[in-house]
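Two complexes, one shared chain (chain A), two partners (chain B, chain C).
And now, the complex of A and B:
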């Protein structure tokens, strides 16, 4: 009886706590999800095992439905799914956000109901069968019992493979690191072969989803005159959010919140300089902790890149140099030089500062860009041509896991969408177990 | 002392019993047990063999364990001996820490 009262008390405490949300970001939803999860009542968690709510935002393709179901079933009970998209998501969601009540209030209310027993926890979406049943006998009639007998539990054993860093052949585990990892760009799916935490092979199965929310003012500028200050502030906000995402991978959450709030202040026109941000970034040691030369693409691959990544590699190509308004403002493209991860991050910060200075100098000047405009991730034109593809595997081979996460966070989603897919999409589904 | 020990053990026992009531009585289903890969699936077993790395581990054993061995008898007498004993042990530790620094730069502390 006392235990029941204590249990009731514990449930009330849980209902009043911050809502642990695992975000699943689809097409063009990343910025609004980041803004929503910066609410103090919500807690964006790194793993579904800590989450009570699975937030599905943005459009998701239906062929990733199985992956989403797998992710949904990994949440411990009590759990619920919230959908924040225009069309229904691939999995059934018991809560739909965006209908009048503010999303964070709806999530807090749903979380409270979950823990007070008024809302049912969602059941599994995948059937309750072992994903790979025991197959004790091998293909040639060998084996039967034990670790080397055939394929125990239907999966091959991790065999030794060459280590790229020293000549120790260790066991290599192959995983399909899925489309909804929290520290990766959303939608990115890689088939990785890992020795310990060193990546020995990486193949792109699915590119990250398109995130073009920030491009709206730039696309408007293709058709009608738009204030230069608005464009440059949007560019600076994009770069600051990209740096905030990198800081999330380094687990510098307070600094990340500072960058996101300053990004919002930049868009509102309240921020003039990034002096304090630059000082905090330098003092945090985030860029220092990355080795020199980490994640440098080859010469040929650098030429395929666009936007800040290309300029960080030393090329001074920027569509703004040819525009008369920018020439009058005295615009010179910022060139990084080394092309590695640290220089790409520095490029974002330097270009954000330059954009703020341009916005200050431009005042009320408006301009139109019928021939194409330099967006935050590269040139934007009406007729989007086929972009050259580059190779990610050679970049990631030999990196440790957190180095790989840092390299992936230093590229824009647009640059990662240009990566050559290694395995055709239909083969990837056939080879999967479960 | 013994009473304190018993109290700690009993309260841990009571906490475990309460937690069994609070926690879910359902055993995790097969889909819940899939390792977290952001939605992807593993393609091999997670059973992995790790290399013993005899040479780096011996280096670390010498650097830390033998240093500890010499510090045990030193710890007994160093309070009486004063600053002289402290400085001698400091020199010993400094020489050993050069070895640790060498190991650090050679990747001895990296997880393989």
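And now, the complex of A and C:
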């Protein structure tokens, strides 16, 4: 009796708790998901094992279906899947958001029902068995040398290899990371050979998904006059969100939330200065925490970059320089960094501040940019040519895991989509319009 | 007093403390994020309810024994640490002659508990967290050992009661100004918090906890908070005069000082960025360790007759 009453009490408590959500972000959905998850009733969690709701947002290519199913099966019971603007969802979803009722209310309601037993927990989508059979090769049957290496049951085992740093032979293991790993650009999948937490080899398996929600006003400005203030606020918001993602990699969840909320306030025109954000950024020591010289692309690779990442390497290329309206506002590009991770972060912050100042100075001025405009991640043109690609794999090789995560967070998705080896066209296409 | 009563009082203090930490986390998080949190007082209980009824997930070929033992060991270490802190004159749950040495062993074994927690699920990201924590956790522990020898010097004893007694006229936080700040680094490290969270961090999807859910996660998270409470009580005994103070009874003073330290630790945990492991290692060995030597020198000079 007492146990039954207690269990029921626990279920009621659980039903009222903040909803632990593991977000799977597809094409053009990241900003939306981040804003949704800044609702205090929802809690964005770092591992699927902590979640009760799998939120699948935005279009996802069907060939990532198996990855998504595997992720789904990692959620503990009771669990449910919600799809949001992902028609058709790549996995069956018990809940579809965005039909009149606010997405966060719908998630809270579904989560409550789940713990009160009024909504059924979803069963596994994949059979609970190893990805490959036992291979029975080699001395101990796993296909390696001695007791090491090989791929028993399709799972790679560590094998002694030369350490690149101090010549101490350590076990190397090859694993696939992504495409739905938290704090990573959504969609990015890398095949990493790790010795401890040092990346000794990196190969790109899948690029991150396109994220161009914030570019809407810029694309409009190619065709019709748009208020400069609107453009510059969108740019500032993009940069603040980028910084927020970096802050998450430094374990600063509360500050990350502050930056995301302020980014939304900037777009709404409710924020005129970033002084307090800069103070928090400095106080947190986020730039000190990574130091100088981390993640500097080669000179040739730097030249392939666009927008803030290019300017953070010292180039003063900015399409706004030549536009008469910007010239009247006294615009001069912010540039002169060292091209490392800290410079790219500083660049985002400085450009966000500059954009807010420009938005203030511009007032109601509107302008059209038929020849192209400087977007938040680089020039936007109607007839965009092929961009030169750069080498992300060598940039990541030799870094420790945490360094790799910091470096990845310091590039915008546009830059990460521009890397070698080029994405096969059919993959890219499926990624855009599934 | 019977042993059962002593153990119960330690468990009760840790549970209450863990709840206070959870509420503080909610309040500080809300203040820093600018997003008002609803039901801050209830949220920890709601989370507790969820973890009680949520499925405990299984991984492929885990080390089952250590998977169960690691969270239990961590919680037991928090209890052992708190049990040597005197709550009032001549009253600690366990009054051992060398209490400070026992606390030192709690620090060391915490590294083992965290490593085993990362080892046991047989999964890549938890293992990265485990190894990384051993490197950083041991460095933080080394710094704290010198600091603790510093507080034992004026008392000429390794007994925590004696150390509290030696601060009747002047607290160690004033006598050895470097001590408490250096010791706080250890507090963040043993509770895997904020800037010293190299084990359970976001960049490795929750690290050693990446594979745990349900009751297993409940025990682990509760043990993290309990360890922070245990640390704060030890720090207030070592540096803020523990239970000593005018007018109010001893336990009230100890609670007040412990709560203050908890608040400081929670704010630091939310406010400071986690440095890259290599940078933190450099900071520990080239800045914090020499500072700990300086602290010990100051303590030694002060203890000269």
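By our rule, the second predicted complex is superposed on the first by the 398 of 434 C-alpha atoms of A that agree within 3 Å, B and C clash if a C-alpha of one lies under 4 Å from a C-alpha of the other, contacts with A are read in each partner's own complex, and residues count from 1 in each chain.
As a convention for this text, a residue touches a chain if its C-beta (ideal position, glycine included) is under 8 Å from a C-beta of that chain, and two chains touch if they have at least 3 such contacts.
Because the structure is a prediction, the values reported are computed rather than measured.
Clashing of chain B with chain C is the outcome of superposition onto chain A. Contact with both chain B and chain C is seen for A:47 once the two complexes are overlaid on the shared chain. Contacts of A:327 after superposition on the shared chain: neither chain B nor chain C is touched. Contacts of A:223 after superposition: neither chain B nor chain C is touched. By the touch criterion defined above, A:170 lies against chain B but remains apart from chain C after alignment on the C-alpha atoms of chain A. In the superposition on chain A, A:249 makes contact with chain C only, while chain B stays out of contact range. Judged by the touch definition given at the top, the superposed model places A:76 against both chain B and chain C.
Once the two complexes are laid over each other on the shared chain, residue contacts for A:196 go to chain B and to chain C alike. Put simply, chain A uses residues 7, 10, 47, 49, 74, 76-77, 130, 153, 155, 173, 175, 181-182, 196-197 to touch chain B in one complex and chain C in the other.
Here chain C touches chain A in the complex through residues 28-39, 42-43, 45-50, 52-57, 60, 124, 128, 131-132, 194-195, 197, 201-206, 209-214, 217, 270-279, going by the rule given at the top. Residues 7, 9-14, 16-18, 20, 38, 40-41, 45-47, 49-50, 52, 74, 76-78, 115, 130, 153, 155, 173, 175, 181-183, 194, 196-197, 247-258, 261-262, 280, 283-286, 288-291, 294, 400-403, 405-406 of chain A are the ones that touch chain C when the two sit in their complex. Of all the residues in chain B, the ones that touch chain A in their complex are 17-18, 21-22, 24, 26, 29-32, 34, 36-51, 111-112.
Residues 3-4, 6-7, 10, 47-49, 64, 67-71, 73-74, 76-77, 124-131, 147, 152-153, 155-160, 168, 170-182, 184, 189, 191, 195-198, 431-434 of chain A are the ones touching chain B in the complex.
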